[in-house]
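Next, two complexes with subunit A in common: one pairs it with subunit B, the other with subunit C.
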Partner chain A sequence: MSKRFFEIALAFAAAIVFLAPAPAAAQTSSTAALTKEGAKTSTPPRTPDGKPDLTGVYTNASVVPLERPKDLGSKEFFTKEEADAYAAKALAKTEVVAPGTYGDVHYSMAQFGLEKGQSKVAGNIRTSLIVGPEGRVPPLLPAAAARQAARQAANRGHEFDGPENRGLAERCIIWGNEGPPMLPQGYNSNLQIVQGEGYVAIEQEMIHDVRIIPTDGRKHLPADVHQWFGDSVGHWEGNTLVVDTTNFTDKTAFRGSGENLHVVERFTRTDADTVKYEFTVSDPSTWEKSWSGEVLMSKIDGPIFEYACTEGNYGMRNNLSGARADEAKKK
Partner chain B sequence: MGIAVLVGAAVPLWAHHSFAAEFDPGKPVKLTGTVTEMEWINPHSWIHIDVKGPDGKVVSWMVEGGSPNALLRRGFTKAALPAGTEIVIEGYQAKDGSNRANGRDITFADGRKLFLGSEKTGAPDEK
Partner chain C sequence: MLAILAAVPAFAQTAAYKPARTADGKPDLNGIWQALNTADWDIQAHAAAAGPAPMLAADFAIPPGTGIVDGNEIPYLPAMLEKKKQNLQNRFTADPEVKCYLPGVPRATYMPYPFQIVQSTKTILISYEYAGAVRTIDMGKPGPAPVDSWMGWSIGHWEGETLVVDVTGLNDKTWFDRAGNFHSGDLHVVERYTPRSPDTLMYEATIEDPKVFSRTWKISMPLYRHVEKNAQLLEFKCVEFAEELIYGGLRKQPKTK
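Let's look at the complex of A and B:
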């Protein structure tokens, strides 16, 4: 791809970001033109009821960070060679930790098949999952920063008092990758999409929750109903599934968000093995402007395995008993 | 746990829970023993071993590992670690002093790494 192409593409992307929130259609065309993978957009197969077929087992594992490293400035894309080198380095990276330190207190990720290099990772020339020249989550509004600080202050010094003081993932309530927006995580970024007439369902292996998304034109739940994953409704725009989610609880606190979080996701199959996943996040009580990102989902062999998080969650008990032991030592 | 700690972390913070809260970096252990059971449970697998001390007394330990779904995906089955297998574990003991440890390094008695010696793992990226 020529340098001239990138200049045009970057200018286009910049224009869209600064006009945000941009019309969803404009965002699609811009990102499709910008990514190597997106450019392969094709006519997808159909389900029996005539809708684009997104079904399959995928991983959204990625070596691309959500936010662009500061030293890359406004560089939104690598060249293919740069991207390959970056991915190789990221996948080869092994943590070197000193014995006797907290960082060493873990199990070998490689032995349990959890190193990123042990699963499929879609090639991507992006320098950050967040699109646009900034490539970063906008700063929190002062009120949102104060809200987040108050949340943290309320738990400070009480982190191990009881299960309720522990994080949502440790309590097996929700896992940060589940979203929406659905983002890659450190390991096991596997998910399955199934479709039926009037519905799309997405199961993420971790931590085994299913998002059931009606596409029958229904409205959102009443505004006073708040849910961990919000309330998702979908519709089809050409070959793209568009999912609109509101009705979040403020306990989800995605990147400091409140209950007014609003997420729009777009799923488009770009070839037999790839679904391009785009998202736009807004919350006027948290950020000055909306922000958008893009993740590639790659087909993998199934099945999705059970992840019955609560059943064997000895870790909760062990963490609390560890804290009690620490307290006894200090007395 | 937010996404912030899942990316760009300096230490392995992508575990389901804080291992640093559970185990004591000041109590390193090296255990040589015989597997009595591997619990294939989520969110973490637990390997149970019997360790014979210098006095001949057998003490049971349990060792925390990764989630089983990734091992299953790589082709390992419930029979991958049969009872009676001799293994060596290096890790750290639980803070509360009980006989639990994290499986920092797990090897067979001959030094081969556990779960890494299979010729065909079934991994998605396998050629």
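Let's look at the complex of A and C:
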């Protein structure tokens, strides 16, 4: 049974609670407003205490892949027509058929998902979320590649031995959208930003984790304290919230990263409906150079629902008990 | 609803204290708060007792406490007492907390972990250190709960210096404490957060659940601000700590202790 299928099954099992209010139809906002330089920066509204107001419920769903498809070479931007055609094609893919399963086992994202085909997707003429002429994650350094290979080799043949052998998302520990960096997922990219005096809170619907970012100038945690989401501190630069995150655990392993992962994020409201999210990722023990990307977040109607993940994790139970049943049959 | 609010008496109304204001003129509840009691072990008065792991001796023994229930009586319907007893017997495997499940309201407030209030005009977010639990209190009129959930559906308004939060849509899976006190999916909680000094809040909650209790009852306790300069919520993502309890029996090789 494919892992992908079980990830979807898990998501489906846990997702039932918020299916009812799933929004109606895909609304791809116009790409016309965007130029090569991105949306025009305006003076954003302020919170009562005078900070740029980023509050709201958003989706960062995107049809643009993180890495540029190789056949596009160094082409960083589509024309508007090309972007619209690319988006239409991406949004039409809603059926997921799990390979190796029975023919009638399929998963219609349009029916059950909160995926990009059903949510608002900010128009974007980029060909990849990663910016620059390469548009791809730099290759892993030899030591990092060896580290990643060792991780994979250690798990090979043991994928179903116990819960620790499963992926972090299947274990309901961290989900790819949470980051940092916060990257759009194929399924449910909803989040909410709430600002109190001296703090900005970011709540992700998947899987209900909150990052609370202090903007009071404090330093990071001591270097030997490691967390799944690291430790985020922020400050305002003009209209932009800048967030610096270190203190990651090496188990977070973002695209092969180690505990020296360092993420800088910039949140800038560009119009009433849009926040531009820029990020730069570095880890000298993983990549030769840092790399950066840009995602657009679109305002949507709330509320954020509760994605209680471990509480409904039948996927994990089924995977492990299925593996035990298979072993018993082979004896 | 009116009857419940009217029944909330005395010490919430320490009206003499005028708390600091946010920029939009509301009482400022922003901060990192924590209860200082042992109610998560048992919301009623209880003596100290040996803990579940004798080898951990005094370190993990059960601490005593005077309780947070007004009058110390939980008015269970007679038919419900047996379930509370069973819960208590099975607590070290059946309590949702031992499995790292979301704790529900009001329990999240008096667990032995801090929580942070991030207050904006339209939304007040409460982030709890335990399990990354979170709730957003809508200060508008969002209508009834669209669906049941672990942390419920919270609608808030200001009454003078007090934040009043009406919580419905709670599922029947959470407990009030590690002693197995429980409720049904009809639970309705009204919380009141009232500043009583720069660094303390008074927290009260009325509990109404006609399927389980013969009358409305009330809990109350002070909440204390973390005043240390480096106070912050850290991660307590306990899922990985509960995997052995939940899935241990499904391992290929049982874990050697």
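Here is the rule we go by: the second predicted complex is superposed on the first by the 276 of 331 C-alpha atoms of A that agree within 3 Å, B and C clash if a C-alpha of one lies under 4 Å from a C-alpha of the other, contacts with A are read in each partner's own complex, and residues count from 1 in each chain.
Please note the rule applied: a contact is a pair of C-beta atoms (placed from the backbone, for glycine too) under 8 Å apart; a residue touches a chain by one contact, two chains touch by 3 or more.
This is a predicted model, so every value here is computed, not measured.
J.: What is the contact status of A:P65 with respect to subunit B (first) and subunit C (second): first, second, both, or neither?
T.: After superposing on A, A:P65 lies in contact with subunit B but is clear of subunit C.
J.: Would you check which partner chain A:A308 touches, where first means subunit B only, second means subunit C only, and both and neither mean what they say?
T.: Once the two structures are laid over each other on A, A:A308 reaches both partners.
J.: With both complexes superposed on chain A, which partner does A:C172 reach: first (subunit B), second (subunit C), both or neither?
T.: After superposition on chain A, A:C172 lies in contact with both partners, subunit B and subunit C.
J.: Based on the superposed arrangement, let me know which partner A:F160 touches: subunit B (first), subunit C (second), both, or neither?
T.: The answer is both, since A:F160 touches subunit B and subunit C.
J.: Taking the superposition as given, does A:E197 touch the first partner, subunit B, the second, subunit C, both, or neither?
T.: After superposing on A, A:E197 lies in contact with subunit C but is clear of subunit B.
J.: Return first, second, both or neither, reflecting whether A:S189 touches subunit B, subunit C, both chains, or no partner chain.
T.: After superposition on chain A, A:S189 lies in contact with neither partner.
J.: Does subunit B (first) or subunit C (second) touch A:P48, or do both, or does neither?
T.: In the superposition, A:P48 touches subunit C alone.
J.: Who does A:E327 touch here: subunit B (first), subunit C (second), both, or neither?
T.: Touch partner of A:E327: subunit C, not subunit B.
J.: Between subunit B and subunit C, point out the one touching more subunit A residues.
T.: Of the two chains, more subunit A residues are contacted by B.
J.: Could you look at A:M316 and tell me whether it touches subunit B, subunit C, both or neither (first, second, both, neither)?
T.: After superposition on chain A, A:M316 lies in contact with both partners, subunit B and subunit C.
J.: Under the contact rule defined above, give the subunit A residues that sit at the interface with subunit B and also at the interface with subunit C.
T.: 160, 172, 305-306, 308-309, 311, 316, 321, 323-324
J.: Quick one: which bits of subunit B touch subunit A in the complex? Just the residue numbers, please.
T.: 1-4, 6-26, 28, 39, 41-46, 64-74, 91-92, 94-98, 100, 102-106, 113-116, 121, 123-125
J.: Give the list of subunit C residues in touch with subunit A in this complex.
T.: 22-24, 28, 30, 99-102, 116-125, 127, 132-134, 136, 138, 142, 146-151, 173, 229-230, 232-235, 237, 239-240, 242-243, 246-247, 250-253, 255
J.: What does subunit A use to touch subunit C in their complex?
T.: Residue list for subunit A touching subunit C: 17-18, 20-21, 47-50, 55, 158, 160-164, 171-174, 192, 194-199, 201, 203, 208-210, 212, 214, 218, 221, 225, 227-229, 303-306, 308-311, 316-317, 320-321, 323-324, 327.
J.: How about subunit A: which of its residues touch subunit B in the complex?
T.: My answer: residues 59, 65-67, 95, 97, 99-114, 117-120, 160, 166-170, 172, 175-177, 183, 185-188, 205-207, 253-255, 300-301, 305-309, 311-316, 318-319, 321-326.
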